[in-house]
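Both complexes shown next keep chain A, but they swap its partner, so chain B is in the first and chain C is in the second.
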Partner chain A sequence: MKKVYINSIASISAQKTFDNTSFLKEIEDFEANVINVINPNYKDYIPPAAARRMAKGIKMGVVASKMAIKEAGLETIDAIITGTGMGCVRDSEKFVSAIIDNDEQYLTPTSFIQSTHNTVGGQIALELQCKGYNFTYVHASNSFESALLDAKLQLALNEEKNILIGGVDELGDHTTAIHKIINHIKTEPVKVTQVLQANTKGAVFGEGANFFVLSNEKKNTSYAEVVALKTYNSLPEKDVLQEAVHFLKENNLSTNDVDLLVLGNNGDVDFDTFYHTLSKGFQDTQIAYYKHVSGEFNTASSFGFWLASKILKTQTIPEVVKGNNKTTTSIKTILLYNQYRGENHSFTLLKQC
Partner chain B sequence: MSKGVAITGMGIISAIGNNVAENYQSLIQGKKGISRVSKIKTNHVNDIMVGEIDFTNEHLEQQLGLASDNNYSRTALLGAIAAKEAMNTSGITDINAYKTGLISATSVGGMDMTERYYYDYLENPSVQKYIEGHHAGDATQKIAEQLGIEKSLVTTISTACSSAANAIMLGARLIKSGQLDRVVVGGADCLSKFTINGFKTLMILSDTYNTPFDENRKGLNLGEAAAYLVLESDKVVQAENKKVLAYVKGYGNANDAYHQTASSENGDGATLAMQKALNVAAYKPEAIDYINAHGTATGNNDLSEGRAIIRIFGETVPDFSSTKAYTGHTLAAAGAIEAVYSVLALQNNVIYPNLNFKTQMKEFSITPQLQLKEKPLQNIMSNSFGFGGNCSTVIFSKEQ
Partner chain C sequence: MDALKQELKENIIEQLNLEDMTTEDIANDDMLFGDGLGLDSIDALELIVMLDKSYGIKLTDPKEGRSIFESINTMAAYITEHRSK
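Showing the complex of A and B:
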């Protein structure tokens, strides 16, 4: 089994992360219950005519992919594995509403085509002319983790050398509106810096694209090693800590070996308890949160993965993500835990390389 | 990596039958399930034909014993029925006795409810329960719950019409690598106004019975279906003394990288997928006895796929047929439906006829199998191709 490394990272998020030379130094402290990404200049990467036709999710995905591949120093890639909870949801909304509003008449295929979940993965393949393996996972908060699991398996078995993986989701107006009604989105706007202490129901929704080149060849510029990953369709709160301990043990580690715990808290008073329960087993460990800066979406954990990768490489933890006042001199091992509304949990273990 | 991937159970619900036995009877009797759509109110009712399952949602809910406040989409209902049959035929009593996962495929997900209640969601609390049922992973979570799979690897693949073939592929890789001992793989998609109108705008829906590989083919019929296979490792098969129905022997996935919705003229992606699958199985092309083709009966697919088959097999193309004339094109479920049909073909040594064929295509001389044919079968290749350039091939074999 070969080791698997993160050789490049790229993030388009609600913060100015598309500029990889900086690391969450300046924070946009939005006061909102839905936060959009800060757009890079897409035209630097895609011809303007093509960019105009592309759905937001495709644009974010294609550009983040190109950034990641460029940073990895590659021309092309062996395989493309994408995770997305909802795909290009705006086009889904556009097509459904057009069917209803126009009573199934005057429809055009563009939004139907773009609504297909694997459109982003397909468009990346088209842009890169990559005829290799191409999968799209659409399993809620385990969409990105499924892509990671698949890539890690292929690289560990040396079936491929360099695989592009990513998580991408876009916000859509109707989807946002209906999730506000059922209190999955907070009813009141909250500041980024106050989301996690809001003590209210629901999350602040966001969007984004986080792409990575994973490889079984380590470089001087590699960010981290992906040691292990485990996903769970269900996991009762009472079992979370025990499972974490078990997961670490499978990798010959104990809770004391974890230098930083990266948690997916989103400020939802009903479900952040999963993270609180886990943290109790890591009393002396430094903690980082990220969903207050990225917003919550099905593939928000790919932003957490981006954060952890960059922390391991730069050995710095941005102030805005610090979750407690513990400090660590050297960050070697990071454990990530994520779930959404009590379902689709994951543990990811990264190591300095 | 020489581990076998055994198929020990399967389940299916489609327009030609509510279980494996009924599907097989329809296949050998040449009985197609294509009709006018009855359960969806659409203006296109007289312009299209579909492969629709007889049961209403209420029937399916009753069969599953669901409470009336459930929020199952039709995709989830169909998926749960087929997955349960697969589990039962595999003789599984304690699903968590082995490391068991679920990999399901869908493209429609909960869109049937979303399109029904789209604006009602904003005002009517009684239908808001379906909001959470919209995303593609929801049906999979429900199927896992129905099967009793807990704290395990459960995921969903959506690569358009190749989705379920990819679910089988991932499942086989997880068994081979020892990550799982057992995995339920397959896919489910229900009919929806969304897909009916989507394919209509692409002008690839036939107004009559679909005719795969026919010169005058007019497009596809949409269908709804669900099918699942239980894949088990050598370890489980030996420990439980399991009857093995067939093996997943090869698989290949490639991207055509040509066009978002059309296949390249010479089927580059399809050729690569078939070649990769043969490589994984360590088979030469002549080992394949029958190809269950994707054969959607669109102008583009059948030409591109036919050319790709010729590129792989040369002048001696094995018997091939498409079963889409029976079921319609069941989108993300198609690869699983056709996997069940391939296993049944291996078990019974029969090749199903390619129904509705009249006229030879001009571009090449290969002709699908037109009559039911009995012949000893060892290895079957099944193709599934989709939007986004996704091309997948799976090879099923009688022997390990």
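Showing the complex of A and C:
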């Protein structure tokens, strides 16, 4: 079995992360309950003729993938594996609204063609002229982890050399309105720096695209090694710590070996308790949070993966993500834990390489 | 007729997401497909739906579209002659 490395990263998020030279030094401190990404200049990456039919999620995915491939120093890749919870929700909304508004008449093809969940993966393949394995996982908040697991297995078995993986989700007006009605989105606007202490129901919703080139060939510029990954559709809160300990043990580690715990807290008083329960088993471990800067979305954990990768490579933890006062001189092992509304849990283990 | 041509240009820019174009960029005799605006077969379907929705014209023979959608001039002439709304 070959080892799997993260050879490049790219992020388009609610922070200025598309500029990979800086690392969350300046934070956009939105006061909102829904936060949009800071857009790069998409025209620098996508020809106008192609861009005109792309909704925002597709543009984010295509550009983030191009950034990741460029950083990896590759012309193309062997496979493209995408994770998305909601897919191209804007075009889905547009298409369904047109059906309703026009009484099922006058339906146009563009938004329908672009509304499928695998549109991003398809457009990336078209842009790169990649005819290799192309798969999209739509597993709610385990979508990115499913893509990661697929890539890890293929690389470990040496079926491919370089695989592009990514998590991408966009905000759609109608979908956002529904999530507000059912209180999955906070009723009140909250500042980025206060989200995790909000103590109210719901999350601040966001969007983003985080792409990575994974490879079974280590480079001097590699970010980290993907050691292990485990996902659960359901996991009772009382079992979270025990499962984490078991997951670490399977990889010959204990809680004391974890230098940094990266948690997906989103400030929802009803579900952050899962993270609090887990943290009790890591009393002496440094903790980092990220969803207050990225917002919550089905593939927000890909932003956490981006954060952890960058921390391992730069050995720097940005002030804005620090979750406690513990310090570490050297960050060698990071455990990520994520869940959304008590479902679709994941543990991911990364190591310095 | 000039008002219709202006309206067509505005509709085409909006329906086909020609984000970087203005009505001034489209001349009345510019070829809409091929070397002109560079529209493609998906755009042709969008234009067929636009004719139906906005002007009550149903194109039953796709081959007709080739001459109708040649330019803004040809579209305006066909719509003027066949529109039902």
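General observations
We adopt the following convention: the second predicted complex is superposed on the first by the 353 of 353 C-alpha atoms of A that agree within 3 Å, B and C clash if a C-alpha of one lies under 4 Å from a C-alpha of the other, contacts with A are read in each partner's own complex, and residues count from 1 in each chain.
Convention: a residue touches a chain if its C-beta (ideal position, glycine included) is under 8 Å from a C-beta of that chain, and two chains touch if they have at least 3 such contacts.
As the structure is a prediction and not an experimental result, all values here were calculated from the model.
Annotation for the three-chain superposition on chain A: chain B and chain C fit side by side. Contacts of A:221 after superposition on the shared chain: neither chain B nor chain C is touched. More residues of chain A lie in contact with B than with the other chain of the pair chain B and chain C. Of the two partner chains placed by the overlay, chain B and chain C both lie in contact with A:107. In the superposition on chain A, contact of A:122 is made with chain B only, not with chain C. When both complexes are overlaid on chain A, the residue A:150 reaches chain B alone and has no touch with chain C. Contact with chain C, but none with chain B, is seen for A:53 once the two complexes are overlaid on the shared chain. Legend: residue contacts after superposition of the two complexes on their common chain; A:99 is shown touching chain B, with no touch to chain C.
Smallest inter-chain Cα distance, chain B versus chain C, after superposition on the shared chain: 8 Å.
Within chain A, the residues touched by chain B in the first complex and by chain C in the second are 105, 107-109, 113.
Residues of chain B touching chain A in their complex: 1, 42-44, 102, 106-107, 109, 111, 114-115, 118-119, 121-122, 128, 131-132, 135-138, 140-141, 144-145, 149-160, 166, 170, 173-174, 177, 179, 193-194, 197-198, 200-202, 253-261, 268-269, 272, 386-390.
On chain A, the positions that touch chain C within their shared complex are 48-49, 51-53, 102, 105-110, 113.
Residue ranges of chain A in contact with chain B, taken from their complex: 80, 85-87, 92, 95-97, 99-100, 103-105, 107-109, 112-113, 115-119, 121-123, 125-126, 128-140, 142-143, 146, 149-150, 153, 157, 174, 177-179, 181-182, 184, 231-235, 239, 243, 298, 343-344. Within the complex, the chain C residues that touch chain A are 15-20, 38, 42, 45-46, 49, 52-53.
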